[in-house]
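Labels run A, B, C and D following the written order; every chain starts at residue 1.
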Amino acid sequence: MKLRTFRYFFREAWRGLVRNRLMSLTAMGTIAIALVLLGVFSLITTNLQYFGNLALGRIEIRAFLSESARNHELLKAEIQAIPGVQRVEFVSKEEGARWLEKALGNKGLFLDGENPLPNSFNIHPARGADVEKIAGQVRRVAGVDEVVYGRDFVRLLHLAVRLIWVLGFGLLFLVMLAVLYIVVNTIQMTVYARRKEIEIMKLVGATDWFIRWPFMLEGIILGIGGALIAVVIVLEAYAFLSNRLGQVSTVLSLLTRAEITPYVIGGFFGVGVLFGALGSLLSVKRYLGI
Amino acid sequence: MIQARRLTKKYDNGVLALENLSLHIKKGEFVFLVGPSGAGKSTFLNLVIRRETPTDGFLSVAGRNVALLKKQEIPFFRRRIGYIFQDYKLFPNKTVRENVSFALEVIEVDPGEIRKRVNFVLDLVGLIHKAEVFPSELSGGEQQRVSLARAIVNRPLLLLADEPTGNLDPDTSWEIMELLREINRRGTTIVMATHNREIVNRMQKRVIALEKGRLVRDESKGGYAVEA
Amino acid sequence: MIQARRLTKKYDNGVLALENLSLHIKKGEFVFLVGPSGAGKSTFLNLVIRRETPTDGFLSVAGRNVALLKKQEIPFFRRRIGYIFQDYKLFPNKTVRENVSFALEVIEVDPGEIRKRVNFVLDLVGLIHKAEVFPSELSGGEQQRVSLARAIVNRPLLLLADEPTGNLDPDTSWEIMELLREINRRGTTIVMATHNREIVNRMQKRVIALEKGRLVRDESKGGYAVEA
Amino acid sequence: MKLRTFRYFFREAWRGLVRNRLMSLTAMGTIAIALVLLGVFSLITTNLQYFGNLALGRIEIRAFLSESARNHELLKAEIQAIPGVQRVEFVSKEEGARWLEKALGNKGLFLDGENPLPNSFNIHPARGADVEKIAGQVRRVAGVDEVVYGRDFVRLLHLAVRLIWVLGFGLLFLVMLAVLYIVVNTIQMTVYARRKEIEIMKLVGATDWFIRWPFMLEGIILGIGGALIAVVIVLEAYAFLSNRLGQVSTVLSLLTRAEITPYVIGGFFGVGVLFGALGSLLSVKRYLGI
């Protein structure tokens, strides 16, 4: 096939879109909105994932020392050396008592001077996922009497993060299929509305590929157009919402718009081009059979 | 050019449109296909270009048995045949120029050559001033002439014309007939289905008459009807 | 029935299709509209049924100034006019019977009556055996007759026929003309755009000739051309 | 308009759908999938909401008694009488110590016999939302020294539930709009493909309403068809997933399929009918203008 024939295909595709303006715009709008839904789903999943990992990262391990414990500084250095430990803080028995009172919301609990609490360390793991492993190693350090961390909470959080992963991405996959289906259907309808033209092309002696190319390019352009609209909507809405959410609560921090931008753009355009091309090919195929 | 033996076409809905049709059209002939409405004229032309497939019998066109054409051979087979459709079959979203050009784009003629040849045939059918207009902005007769222009721009071996003057006034019809005669003189075989008694009688070419799908008359240099 | 004074139609693309046309067609007349391809015949009929609006001048049909018709009056106005379109304008997804019935469904005739009248007109145009078939399964001439059947089933005051015999053989054409003559005799005004010289010459009715959008001849009992 | 004309409209609508089978099925599929997306969104939101409220409902208030407190049984009755209280349990100082040890994961903490903890009550509110109000009232009961509940946790949970409400339903509204847009676009495309028919109808003298009715019924039937498919998909998938989830974790209990069924059916059919009708009306309107 000659190079200029490809130029012709591009011109054809463009004309096809412009001369069926109403249909093209409708299709592009549908594709854009389907992609927006996909984007919303993936951003929710990703942020939940991000938030869960963040929460896991804030988990501390509490190591209570025996009465006979060696020099605190040496012990601290030893614990600090364990792989995965980010930071270690010494908590004296008095600080411990104050912390416990605060945690229980009961101020007068240890006021009578009897403080049964030992000295302790607060240990911050670098990654929430390492908590159990680090706790095990700390337990083996000489002078450490007892290692405490919110085991149930860590497990729950782990479970939650895993669930978000499995359910979220499983769901995302299904949403992806749904969007594929919607995009393909939409493009099929644009081709359906022009099936007479395909018939004429065949009668005039066009080969299947000669007919397919412009339609495929149209599908791709529709996909790209839809992706463009979707990118703008999603990024703007995301900036607005994460800004709003930042005002409501400082606990819930989201991924920043700058962080998601390349993925949104890459993903949408990729999906738009791929689904657009696929949609045209599938539907033109149907009418080439006639 | 066209050879049919006991050719039969029965549509899916049970209509027997052609029955046991045998005929032989030689290269370079000019043949009129006549017969009442529904006689099977368009059906025959559609079999020739393999828009329909025969139910029974044998049909060869330009040396090829149309029933045995492979799917991927069909476009190349059709490119050597021009067809003026009874219902024009113009692309509604292409201008007159683009409609006619399409037949050349398909065979990858280069743009300068396309422009030249399209201008030439549009001028022949008297529509060069309507080149940039869409079919919906044309009168019935103008659309018909665009269909004619598209059919001949490619200098086909064989030209099928289905009622090409049905929406033309007598003067324009005659101009078109002169044009077809000239094309025929240069070697293109022409099969024209028509109801125009005047034209058939005046041209004195071969006439094949169908009636209810059967061949009822085949005379060289005949008239529209027997009594004519 | 139709009164035009200095009627002008210029399409959006700048084509002047009718220019200063003045004519008067009385109730019960049978008028042939002739002229070369692109002369403005279809444009005139489309103005009459208000498919297009005049650019200038005055046009009244059945006592109504068409330019002043309100949007909601148009359907009721059109119901009294039958129109055989040059390109048939059949519903592709309705059977022949449904296509013809539609003109009666619109005015809410009851089903038994619809059936009776549709059978009657399909019989008149010789297509009763094709009643349950879709237009794509009809020959060109058969489609044209369906369009005719739909136009007359409603017993219109005024019948506009745009090239109603363009795809019919001479015999069928004559049967259709006899039918139109009969309808005219019963009081329907008929305006028929045609290129069929034979028919115009034989009918000896009023002939209005257009050329490039202008009236060039208007004779009662005329022929297709001046020299005829 | 005569009654039998309506019968004609229904017949027309049905024929329109059947004779444009491919288009109708494509459109119905798109509508179904769009509704499924809507269903997934609303079920996630509703379940998060449900889960948050469930968690709030599990919150307990701890009331520590003064040394001089009166008869436990009388006090218990008094607290039980506070509106919104569901259940009250007495926790002796020994039980309290054991509970605290367990909560901290530190078994030897109070082993030396010195137990500074007072006797207490565990109070279960009927509704999580009432926690703060009940705590206030318990504090005023004579003999109660200190009232403790996970204030931060309750507040966080409240915030989360409120966020889910606002964000979830805000988002749901947007998804609803997106689905409306997709459905309307899809139906517009079916009408676009048949605009020639509308033109012919007008030329033959059909009033706008005569043209509109069958198309509107078609839109409604497409909507109902789509809803039907969506209902089946969503309910089956939901049963499967909540079953699977039940096997993974007993903590995460979802609304049962039986609970959601009437809402899913009602919602989908409502949306299908409404959007279908709207889609046809809007798009036919466009071509009636011609």
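Heads up, the rule we're going with is that contacts are C-beta pairs under 8 Å (C-beta built on N, C-alpha and C of every residue); 3 or more make two chains touch, one makes a residue touch a chain.
The model shown is predicted, which means the values in this text are computed figures rather than measured ones.
**Student:** Fewest touch steps from subunit A to subunit D?
**Tutor:** The fewest steps needed to get from subunit A to subunit D is 1.
**Student:** Sort the other chains by how far their Cα centres are from that of subunit C and give me the top one.
**Tutor:** Computed centres place A farthest from subunit C.
**Student:** Please report how many Å separate the Cα centroid of subunit C from that of subunit D, as a whole number.
**Tutor:** 61
**Student:** Using CA atom averages as chain centres, what separation in Å is found between subunit B and subunit D?
**Tutor:** Here subunit B and subunit D have centroids separated by 66 Å.
**Student:** Which positions in subunit C are in touch with at least two other chains?
**Tutor:** Within subunit C, no residue touches at least two other chains.
**Student:** If I count partner chains per residue in subunit A, which residues reach a count of at least 2?
**Tutor:** Residues of subunit A never touch two or more of the other chains.
**Student:** What topology does the chain contact graph adopt: line, ring, star, complete, or other?
**Tutor:** Graph shape, chains as nodes and touching pairs as edges: a ring.
**Student:** Check the chains against each other and report every pair that touches.
**Tutor:** A-B, A-D, B-C, C-D
**Student:** So in the complex, the part of subunit B that touches subunit C is made up of which residues?
**Tutor:** 11, 13, 15, 34-38, 41-42, 86-87, 133, 137, 139-142, 145, 162-163, 166-173, 195, 197-198, 224-225
**Student:** Flag every residue of subunit A that touches subunit B in the complex, lowest number first.
**Tutor:** Going by the criterion above, the answer is residues 1-2, 4-5, 8, 15-16, 19-20, 194, 196-197, 199-208, 210.
**Student:** What does subunit A use to touch subunit D in their complex?
**Tutor:** Residues in contact with subunit D: 22-23, 26-27, 29-30, 33-34, 36-37, 40, 64, 104-110, 112, 114, 116-117, 145-146, 148-149, 151, 156, 159, 163, 167, 171, 174-175, 178, 181-182, 185-186, 188-190, 192-193, 241, 245, 248-249, 251-252.
**Student:** Considering the complex alone, what residue numbers of subunit C touch subunit D?
**Tutor:** It comes out as residues 49, 51, 72, 74-79, 83, 85, 89-94, 98, 102-103, 105-108, 110-111, 150.
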